[in-house]
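The following block contains the structure, expressed as structure tokens.
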Amino acid sequence: MSSDFGKNLKVSIFGQSHSEMIGALLDGLPSGYPIDPGELQAFMDRRRAKDGLSTARREADRVRIVSGLFEGKTCGAPLAALIENENVRSSDYDEIAFHPRPSHADYTSFVKYRFRDYRGGGHFSGRLTAAICAAGGVAKQILKTRGIFVGAHVLQIGKAKDTPFDPVRVKKEDFPVSDFPALSPSAAERMKAEILTAKSECDSVGGIVECAVLGVPAGVGEPMFGGVENALAANLFGIPAVKGVEFGSGFAGACLRGSENNDAFYAEDGKIFTKTNNAGGSNGGISNGMPVIFRVAIKPTASVFLPQETVDLKTGENYSLLIRGRHDPCIAVRAVPVAESVAALTVLDLLLGAEKDKWNLGE
Amino acid sequence: MSSDFGKNLKVSIFGQSHSEMIGALLDGLPSGYPIDPGELQAFMDRRRAKDGLSTARREADRVRIVSGLFEGKTCGAPLAALIENENVRSSDYDEIAFHPRPSHADYTSFVKYRFRDYRGGGHFSGRLTAAICAAGGVAKQILKTRGIFVGAHVLQIGKAKDTPFDPVRVKKEDFPVSDFPALSPSAAERMKAEILTAKSECDSVGGIVECAVLGVPAGVGEPMFGGVENALAANLFGIPAVKGVEFGSGFAGACLRGSENNDAFYAEDGKIFTKTNNAGGSNGGISNGMPVIFRVAIKPTASVFLPQETVDLKTGENYSLLIRGRHDPCIAVRAVPVAESVAALTVLDLLLGAEKDKWNLGE
Amino acid sequence: MSSDFGKNLKVSIFGQSHSEMIGALLDGLPSGYPIDPGELQAFMDRRRAKDGLSTARREADRVRIVSGLFEGKTCGAPLAALIENENVRSSDYDEIAFHPRPSHADYTSFVKYRFRDYRGGGHFSGRLTAAICAAGGVAKQILKTRGIFVGAHVLQIGKAKDTPFDPVRVKKEDFPVSDFPALSPSAAERMKAEILTAKSECDSVGGIVECAVLGVPAGVGEPMFGGVENALAANLFGIPAVKGVEFGSGFAGACLRGSENNDAFYAEDGKIFTKTNNAGGSNGGISNGMPVIFRVAIKPTASVFLPQETVDLKTGENYSLLIRGRHDPCIAVRAVPVAESVAALTVLDLLLGAEKDKWNLGE
Amino acid sequence: MSSDFGKNLKVSIFGQSHSEMIGALLDGLPSGYPIDPGELQAFMDRRRAKDGLSTARREADRVRIVSGLFEGKTCGAPLAALIENENVRSSDYDEIAFHPRPSHADYTSFVKYRFRDYRGGGHFSGRLTAAICAAGGVAKQILKTRGIFVGAHVLQIGKAKDTPFDPVRVKKEDFPVSDFPALSPSAAERMKAEILTAKSECDSVGGIVECAVLGVPAGVGEPMFGGVENALAANLFGIPAVKGVEFGSGFAGACLRGSENNDAFYAEDGKIFTKTNNAGGSNGGISNGMPVIFRVAIKPTASVFLPQETVDLKTGENYSLLIRGRHDPCIAVRAVPVAESVAALTVLDLLLGAEKDKWNLGE
């Protein structure tokens, strides 16, 4: 009742870092859409560990779709995607079974479940984001056929900042295609340097991911608690390490005047646009036809290789912990396709729900 | 399917700015809790318009509970709370029926519903937050009996900033009691000045509300998409004008190292605490026993009294709009009890859900 | 979290038998549909107590819609309908506060809530079906504009049976219009006799209600647990005293052969029909375009005026109970518009959900 | 959004008759419960095809749990159970792709999805009940540790009837253990004869399954639409071929008087019981501590080997169909463990939800 989301398209994620498999179940996909396995695998590869910048744990993350397709197309039945956990070294985690890593879920999962799979963080591991990407990759292929594109980039790593998307004119050609998902090459270099420095100091660093969804028609999302922002935020906080979500001008809007923050409407060729996009594409929770723009704050990886203070859950004594295992010095880079996945799945869910608006009568 | 939230405690909000009534329905309240009408009304008063700083629309916001109580106590049946709309001046809104205000839901609600109640923003009006407060005030009374306290303050208005809560040591005595919900009197003065200046210039200004929930035991919330952060964020974005939500160090965490951001555990008197609280009270979506701390970005009021560019929805022509009506120059101040309400309702919902963890076996 | 149902159209019911008000909240109604108050009130009247056959509690059941309409039409905002409880005689119920009536919810609600509103059965009272009818009456008006009609009749009272609907050819002109909702006048007389005899013996009697929904297009409902039958059954069991639900040939199908029970398809004028309708209008949970036909078993009213064995919840001793109060000798008659209401609301909910099937691609 | 059920324990079913795998996902299982694979497999075997009485399609139905366990015990993470589809003969189904079998979902799934997996009924196949049993077998093992037992038997096949459970005194030793799940050997023989006769005539026959859940404490289930009956009925209609559900005296109650149908309370050893159990274990949707008793009507298998009238979906012409493939002449026998599974999963879900009642205060 918690590792799933969605109303019309239900996404369920399962697996633990060291279980036999992880996977995703998609219930409610529309039928008749071809899913290209090569394109899906290429998307999965964007999340995989990068040389030097990521964990030493490397896996093929081969996605196997065992139901929900017929002759290569979605057939309306639930789609189950499986990924084997291959490169598992459980012995690394004996230390943390009862010595919870600071700012990780080791402690809270112990309090909640008492008996839980502590290996590699169990169900709380960043490893689960591979399953999110398997689901998201499917959603992206379906959205593309409707002219809807989802892209993201790393906006900030530590003190290194990239330029944001142009919130009004961003187009799919702007989405990063290089190995490191920054918009400008110079920002990419500075960001890599931040990561490598942190890594060399046995430390980690945080970042911000910015995402744009293009082509969402106006009128998607529901009032109050069922809006575009509510759904995206609820689901984005399901990505491990996310600690903040903002749309459009977001927190910076606190300093602004209404006259500065308001997005003027104008008509062109019978369509309505806004001149600016401080709203991030939605008013009152409902899309306005402009790009949906949001940013996600990713905390620095909790698993650092420096001595840390914790407690021994068996003895109740304070304890100095030096963890082992394989961890990314910065999660934000690999979080880019994960954020895209959550966005794609959420938007597809909202779009399916918006079809019922056809019952609304004009005047 | 959208003006409601909650799994174990279901909160539904209804009404339009100019409908006969607005109200809230609470399904799933535990039974046997006395609800003090005076205390509830006092809480409602915290949301009411403030002299000089707020809209000229003044209403008693008298809450009438017509079901769900028996002998003054909750009885397990759904609790319906009604508030009359008294001070209604619908003629003010003829202008905006087909001239959508920039950055308001006038346009998106038109696209979605075609036929909708445009008077005062209809169901999208900030007026609906009175119904949220009626519900939240009930939840706060129940939480209090369990030693759980929810408080918030204005952290920032325009460029005027207050000191944040101490995320580790914040206690209920720290919650603001004065008429203007800032922590320091000097910040209150600077904030009021920001508002009054904006108002005098026919403009509006944004702000940030910070909220703390004290006394939440460790172990509340579910993994991935059912966590404390997911639920709070989803519901907080239901407050009109919220454009960002962050927990603990939030977006600032992007600049931090793991060694700086991690919250060291320590044991004291058989209990476990963290030395810092950059996590904002939850790890992996599950509460860790520290205060739950979050901040909410509130955009400047969209309704400003300056000429604005918009379109005529009937003719499709561009149009210059000068709105009338009664609007707050800054919503953030009145959003304080609303944020508390959403937090209280969400936390109560999560707490009720966490009871099922009693089925989890120890080792 | 329990007095509500629906996914796209959310229906919430509130109130207690003796609370100030009861009511219904409808979230997700499509916009632009005129709601005729007179027609709604006439529908409410069908549920009202009938001379001689029903409880002596008489109420006007005037429905007051306080939100969700604008200029007499639905506007997309939640619709709140209120009904005052007028004719309340709470003192009648002191006896049953701790002497639970056999086969009533007095005992189970005590176990669950301890503190609960026991007056007149509280939230478990048949009185709440007035609120269901207020909601259902609105749904019926919307469905009618789409050519969908819902009707029901009493199929059986005690040993008196009426003829069932013709499951293939039933049309809206067949729906009963007389004061007593049986199809044949002779059945009506025999049924009334059953009720009056039971009443004269201080007893009560059960019955069966049969319902037909006409005009549901093929393709509505979802596989497995989201089908037409799942949704209808789940919601129909929310009507107090319902103990069974069957579709088409239902339980009688156990005696049949496949060759007898199967509904042969045939084509006529480019449309597809079935020659018989033992399926009751759905195959695999999805509507097939034939009338949706179901029957609901209504148990005899639990409140009979004969001495009954129960226990004293305070002392734990056995106790002989002779109840007072005002109770129907047969609920089935008044359950007819209630079953129609639940059917209308459920079908409208399913229809709204089926719109997303427009995303399904042909070949 | 439809092949799943449950609020606190979410059960999702996936797969098609001829997809690579079918399976079940269980999200919300309590942690620390050992799951015995041998016991699970033995339960699966109860659903498998029986010599002479069932389809010729035979599969090992080996359940592979790939996540959610740690050291053989549930660990709080979602449990994924996979079953390979081995014995697949898709060519049998070319005939039915566009010639829908009467009373099967072939037609409605075509209308809904246009493109769908028609092989063996796709997602609508009875094959999916193996996945339900995999989930149900896990739930049964957990319930057993709490003293809750679920058992069912075939009450009727065609005209052959068994004696029902004693609704008051039924105990787990009464649950059938022989290969054919009837209570009396003589009924078993008569039932087998009904099946074999139907089979020999290329026909099929319907039946009724009766189920009892023992050990459910009083107070489980929610008012109105969240009751024991609502949840069980909603989920039971997810079993293919179910066309009716009744509790306790069910439809027979229509003939009864209140004085006959009411279940007198009595106290014994400080506990409260009812003398009869016409309510089937729940009053007002909430369990009363007596056995939960329900019956499920199973229609005769739609796939019979006699010529049937249907239409050609491509030409729109009438068509005479003689199906091939492998089909059970009576589904009711194999539905017994499926009904138990749905009951076990539903009751476990309700029990987890009932824990929140600990917040209810006494007086």
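Remarks
As written, the chains take the letters A, B, C and D, and residue 1 is the first residue of each chain.
In this text, a residue touches a chain if its C-beta (ideal position, glycine included) is under 8 Å from a C-beta of that chain, and two chains touch if they have at least 3 such contacts.
The model shown is predicted, which means the values in this text are computed figures rather than measured ones.
A count of contacting C-beta pairs for A-B and for A-D identifies A-B as the more extensively joined pair. With chains reduced to the mean position of their C-alpha atoms, the one farthest from subunit B is D. Subunit A and subunit C have Cα centroids separated by 44 Å.
For the pair subunit A and subunit B, the distance between C-alpha centroids works out to 26 Å.
One inter-chain figure worth recording: subunit A and subunit D are separated by 38 Å, centre to centre, where each centre is the mean of the chain's CA atoms. Residues of subunit B found to touch two or more other chains are 1-4, 7-8, 13, 28, 31-32, 76-77, 109, 112-115, 123, 223, 357, 360-363. The residues of subunit C lying in touch with subunit D in their complex are 1-5, 7, 13, 100, 102-109, 111-115, 123-124, 128, 156-159, 198, 201, 203-208, 218-219, 221-227, 229-231, 233-235, 237-238, 240, 242-251, 253-267, 270, 272, 274-275, 278-280, 282-289, 295, 297-304, 306, 308-311, 316-318, 332, 354, 357, 360-363. Taken together, the subunit A residues at the contact with subunit C in this complex read 7-8, 28, 30-33, 76-77, 223, 351-353, 355-363. For subunit B in complex with subunit C, the residues that touch the partner chain are 1-4, 6-10, 12-16, 19-23, 25, 27-28, 31-32, 66-70, 73, 75-80, 82, 109, 112-117, 119, 122-123.
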